[in-house]
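After this come two complexes, each holding chain A, first together with chain B and then together with chain C.
Right, the complex of A and B next:
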C-alpha cells in the first residue's frame, strides 16, 4: 500500500504546508500519494520559490521557498502534501543575476510558468478578453493521469498507406455551418469523425495544439476594426499542455480528458493523430517580449544568444530555442515522449525543423544530436517523424535533412513543381516525373525511399486549393499589414479572372484544375497530405497567410459541400482509388525494370506517343504506366494503371501502350469530363472502345485501369 | 446546495443517489461511498443523478475512479443527468464509458 510508505511522510513544514524533499524526476508537477512532487531546473538561479494560487485568484495562496536541502544539483524538488489538486495553480520565482550581456535575465518579481506544466490556465475560453491587470496570466495546473484508454494505442499504420489531412482545430468546426454542438473544439472534431472517415483520410495532422496565447500580438485591424489574433498558434507557451481554449471543457479544466477522448475515438475509427509541433521558438519573443517561463528560469540555457546577449532569430519570431543544448534537447525529447505515451500520438510534424539541426551559435550541424536522439528514441520508435526541412534563417534541407532512417520531409519541391505544372508552365515533365514516383532525385541517393516525401500541393501556409486556381496574387488586406505579409511566390493561376467569377468557362476550368491536383496527388508515390477544406473548395478569398484570421476567412464553410458536391465526390473517390491500389503506395522507389517477370518494368514512361515520353523544354504532356504485378515490391497483385496528364490548352491524342496480355483498358478517371463521368467507382469503369488511343481533354488527367 | 450521497444495495446492484452540487470539496465524500460500494462487489453501479445540479471536474474524476475501482465487468449507469452534467460528460467524452439513461 503506497500510501503507508514510510518515506512518504512529511519531514518539514512551511506554515500550514507539510513538505518533504522531492524527487528530481520527472520534472514538473506530479501527483504522488498524499501530495504533489514539484521539480524544476535552472543552471544559474540561486534560489527558487514555489508560488501557489487558488484558481483564478490574483494574489498567491502561499509562497514556499525550497529549502537548500531540497536542491539536488541544479534541480529544486519538493513534495507538498494535502494540496487541492483540482483548485490549485502554481508557478515559480527564481532568484539569480540580471545581466543580459552574460545571458542572464532573472527577475524574482515575476512568477514563472513551469516549462513542464501539463495543463495551463489563463486562456481557458478561446478569445475571451483577458483581465490584463491579472498578474502572471499563464499558470500551471495539476493533471490526473487516470484516463481510461482501454486497449487503445497508436495505430502504427504504414507510412506509405497514409493520407494526411491537415487541419486547424478551431477553424475546422468554428463556422456555424459545421453544425457542431461545441464549435471550434476538440469535442467538435469528434463529431466530424464520420465525415473524415467517409472522405478516406486516415491521419489528421493538427496544427499547433500546445498551449499558446491567441492574444499574443493581438490587435484590431486599423480600418475595419476586426480583431486579429495569433490564430494559427505557431508560438508555444507550454510544450506539455494542450491548448485549453481548444477544449469545450477548458473552463472546467478538463482539456486533457477531452483531447485524449478525441485521440482515442479517432483511433477507434482508424485514423491516426499527428501533431504539428513548434520547437524552434517560444512565445517570449526577443528582449522586448514578455517573460513567461524560459527567459526567467534559465535564459542562457533555453535560447540561442548572440555574444552580446541578444536573441538569434532563425525562426523569424524573435527568438530561437537552443535545441542542441543538452538540457533543451532533453526537454524536447521528454515532451515528445510524453505526448507519445500519455496521449497516444502517432506522429509529429516539426515546424521549421532545420533549426533543430543548428548548434547553439546557429551553425548547421553535420550530425545534429537532437535529430539523432529523436530518431533513435525507443518510446518514439514507431512514431512518424516529419520535418519542415527549412527555417527562416535560410537553411533549406529538402532532400538533405539528416534522416537517420526515420525522418520524412514536407516536400516543398513537390508543391512547387506540381503547381507550376498545373498552371501550364512548359518543360516540367521531367520534374513532375520525379515527383510522382516519390522524388527519387531527392530521396533515392541515400536510400530513403518515397515515404521520405510528404507530397502536398497546399497546406495551411499559402493558398487553399480553390484559391490556387482562382487568384494570381495574394489578397491579404484583412491582415492589416497593407498586403505586405505572406508569400509572393505562389505559382498560382486564376484561370482567367481574379477572384470570384460568373464566367462558366472559368469556373469549369477551376473545377477541373482542382480535380487535376487531387488526382496527381493521389497518384503519386510518397505520402499525400491535403489541406482541410480543399475537398469542398474552401476559399480564403485570396488570403494566403491567414495566421491572424479567426474569421470566416479561415473557418471551413461547410455549406461549400452543397455548392461543390462534384469536388467533394471526386476527392472522396480519388482517395478511395489510392487506397484500392497498392501499386500507388510503394515503400521503395521504382527501379525502372521488370523484377517479377511480368514482361513490363515496374514503371514505364510515355507521351502522346507510347514509349516516347517528351522530356523537352516545351513539353506539357506526360504519361506513365505502373505494372500491377510489381505492387509493393511484387508482394501483392494489383491492376496495371496508366496515367496521362496534359496541361496543354487543346485536347491531345495519346497513343496507349498495350495493356498486359488478356486485359483491356478501362477508364477510371477522366477530369476532362463533367461529374459524374470524371471518376468511376471500382467495378463501374467503362471499357475503352479504342484500346490504342485516348483523346485527353485540355488540361486534364486520365487514369486507365487494365482488367 | 450541499452535496449528499446515499448508498443502498439492492441485491448485487449498488444504488447511489446524488443530490446538490458535486465540487472539489464534496468529491471526497462520493469517492468514499464508491469505495464502500466496491467493497460489496456489486455487479452494477447505478447512480441516480436527477437531483445533482452541478458537477465539477473533480466529480468526473470520481466517476473515472469508480470505473477503474470496479473493473470493466461492472457497468456504471447514470440515471437522469441534468443538462449541465450531461453536457460535461459528453464534452469530455466520458459518456462513452458509462451508460446514460433518462429518468423514468
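Right, the complex of A and C next:
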C-alpha cells in the first residue's frame, strides 16, 4: 500500500496519544497520513497546549502540551496520530503575560479557537439557543479536503459583463414562500439557481458566510419581545470556516461539502460566486468583549492598539484588525488564497476596505502593503477584488482607493447621484452623465476604466428599491433602538405617501420609479449590482438597517413575485437587454470621439433638443446616444442606442438625433407605459412612427434602438 | 454495523445494516473494498442503515473510486430519504448509480 512507502510514524507519546513533531505549514489543523498536523503561532506566548474534545462534550478528552522540541520559532507544531477526524473538536491554551498596557492579554484558563480552523462547531443550527454555560463555545473541527470538483474552476467572466446579485444566504430562502426544502441554507440557494439564471444575473455576492455568531449581542426587543440577532454577520469568528448554521448539513458537520457543492453547481450554470469578506474587525469586540481566539493567541499582533493598550475602533465594532502587521497580512492572504483555491471563489468584496490601508497606529498608508500583496498574489490573479472604499473612521476613498490595476470599488457616488436624480432633484444631469458612462471623473484620471465602478442604487445597507420609492424616512423601530440606528441620508422619496398606499397614482409612480432605477442601472457603463428581492419589489417596511432582523422584515417574500409580476418582468427583460448589447458593457471609458469611422462619436449627449444637452442647475432631462459600431472598443458590432431620462413631473418632448444611415429608431424601453408596453423582447421592438421626436412621459426612461 | 454478502449471478450484493459513522466506517471499508476489487458489479443495499455520517459517505465514495479505477460499477440501493437528501446537498449523490430495489440496482448495472 502507498502509505508504507513513507516512513511517517510516531516518535513521541503523551499518555495514550502518539505524537511526532509537526510541520509549521500550513497553519491550522491538516489531515496527514495516520494523523492530524496541528500548527499555531504566537509571538509572545510562552507555552502552548492542544486541547481535544469529543464532539459536544464539556470536559476535554485530552490536553497535550506541545513538547519544547516541537516549537519552531514562534510556531508550535505537532502531529497527533489515530484521531477520529469526525468526532474531534480542538482548541489551544496559551501561556503568556497578561499586561494590557503592553498589549498582552494571555489567559491560560480560556480555550482558544484556532484562527485557521476550517470548520467550527458551536452554532451548528441557526438560531438554536446555545448552552451559555458551555466552556469554549466555538470549537475547531477537522475537515476532509477530498471534494471532487471534476473540471470546475472559477469562471473568470469579464468584469464588464457581470450583473451582480447581492444576497443574504439565509434571507434569500428563509421565508416559507420560497418553497425550498431546507429554507435559509446553501442547499436552498442551489434550488433557486434556475430562478437566478432566468433573471439574468451571472454573479451572486454572498453577504458574510465566514463563521459568525448570530447570538453576538443578541437581545429581545424591549417592547415587542422579538428576538434580535447578529443577522447580517459582519463580525467574523473564524476566517477559514463557512458559517455552519447556513448549511442544512451543518449539524452533520458537512457544511464544507454543501457550500462547495453550491459553488460547483452555480459555476456549472454560469454564475460566479463572490464573497463579502470582513477583515476590518473580529467578533471579539473591545476589552469588554469575549476572548474567542485572537485576543488570547496574540493580542498585540492581531489588533490595532492605542499606546495605552486599548482597542482602536475604526470599524465601529469595538476593535480593528491590525491588517498591515506582516503576520496579519499573511493571514488575510492565506485566507483569500484558501477560499480561491479550495472553494473556487470567483471574487471578494471587502467590507470597510479603507481600513485595510491603515498602518498599525491607524494612519492611512500611501502604498498599503496588504492591498498591494492581494493585487499581485498569483493565486488571486484572476479573482475580482472589490473594495467598500470607506470606513467608520472617516476615511472615504471612492475614486482614490489604491487599485494596483486590480481593485474595483463600490461606487457610493453612483448610488447617491442616481438616487437624487430619481427623486427629481434639479441640476443632477452632469453628475448622472458621469455615472452612466462609468464615472470617468472618478476612474478616468488614472486609467482604471469603467469596471473600477461597481454601480448600485441599493445594497443590503439602506433601503430596498421598493422602500426607496415608498418611504421618505427610515422606520427602524423594530430594531429596538428607538429608530436612532441606520442612516438618515437616504435620498429617498415616497412618491406622495409614507409607506403602503391605496392610491393607484402613487403606486403607479412607484412602479415606474423602480423601473427607472433598474433601467438606468442596466444602461450604465461599469458593473451593475442589484440587491436580492428588488426585482420583485421586496419591502423591509421602511427599515433601512435590518442587521438584526431574522424576521419577515428581511426575508425575501417570494409571493411578491405574484403581486408584482410587472416589476419582475421588467427587471428580467432589462437585464437581458444589457446582456444583448455589448455597447453597454465597455471595458474602457468612452473617448467622446469617432475612432472607427462610423460618423458618430462613441457617445454623444442630448437633451430635449438633439445635440444640446442641458447641464444647467435646473435640468431634469438627459439623453445620450451610444454608437453601436464602437461597442467594446470597436471590436464587435451592436445597434446604436439612444436613451432619454426625464425626472420632470410633466411629459417632455425630446427631439431625436437621426439614427445611423439606413436604420430607424425602434422602441425597446419606455417606463412611461404600463406593462407589457414598458419593455419589448429583442426583435419585437415597435418601429417609431415619428422618427424625429419622442414624447417622454413624466419621470420616465426611454431607450430606442436603431435597426 | 453488520454486512452480509451474497453472490447473485455476476453481481455481488452486500446488505449493510446499522450505523455507518467514523467508528464503523473503517470496518465497513475493510469488508467491502476486497469485494469491490474482485467483483465487477456490486450492489450495496443500505435499506437497513439507520444513520450515515460524513465518514460513511466518504467511505462510499472511496469504494466508488476504487471500483471505477478497476472498470467496475457500484449501485446504491435503499437509501433513506434523509441519507439521499444529505448526499444530494453535499454533492456525493451524483457519483453513484442509485436504485430503489436490489433488482432495480442489478438491472441498472447490467
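In this section, the second predicted complex is superposed on the first by the 702 of 707 C-alpha atoms of A that agree within 3 Å, B and C clash if a C-alpha of one lies under 4 Å from a C-alpha of the other, contacts with A are read in each partner's own complex, and residues count from 1 in each chain.
To be clear about the criterion, a residue touches a chain if its C-beta (ideal position, glycine included) is under 8 Å from a C-beta of that chain, and two chains touch if they have at least 3 such contacts.
Please read all numbers here as calculations on a predicted model, not as lab measurements.
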Field: Superposition on chain A - do chain B and chain C clash or fit
entry: clash
Message: After the superposition on A, what does A:257 contact: first (chain B), second (chain C), both or neither?
response: both
Query: Taking the superposition as given, does A:581 touch the first partner, chain B, the second, chain C, both, or neither?
result: neither
- request: Could you look at A:182 and tell me whether it touches chain B, chain C, both or neither (first, second, both, neither)?
  value: both
Message: By the touch definition at the top of the document, which applies to A:510: first (chain B), second (chain C), both, or neither?
response: neither
- line: After superposition on chain A, the chain A residues reached by both chain B and chain C are 84, 86-87, 144, 146-148, 181-182, 187, 190, 247-249, 252-254, 257-258, 260-261, 264
Field: Residues of chain A defined as touching chain B within the complex
entry: 84, 86-87, 144, 146-148, 181-182, 185, 187, 190, 247-249, 252-254, 257-258, 260-262, 264-265
Task: Show which residues of chain A lie in contact with chain C when the two form their complex.
output: 84-87, 144, 146-148, 181-182, 186-187, 190, 247-249, 252-254, 257-258, 260-261, 264
Query: Which chain C residues qualify as touching chain A in the complex?
result: 21-23, 53-55, 57-58, 61, 85-86, 89-92, 95
- line: Seen from chain B, its contact residues with chain A in the complex are 24, 27, 56-58, 60-61, 64-65, 67-68, 88, 90-94, 96-97
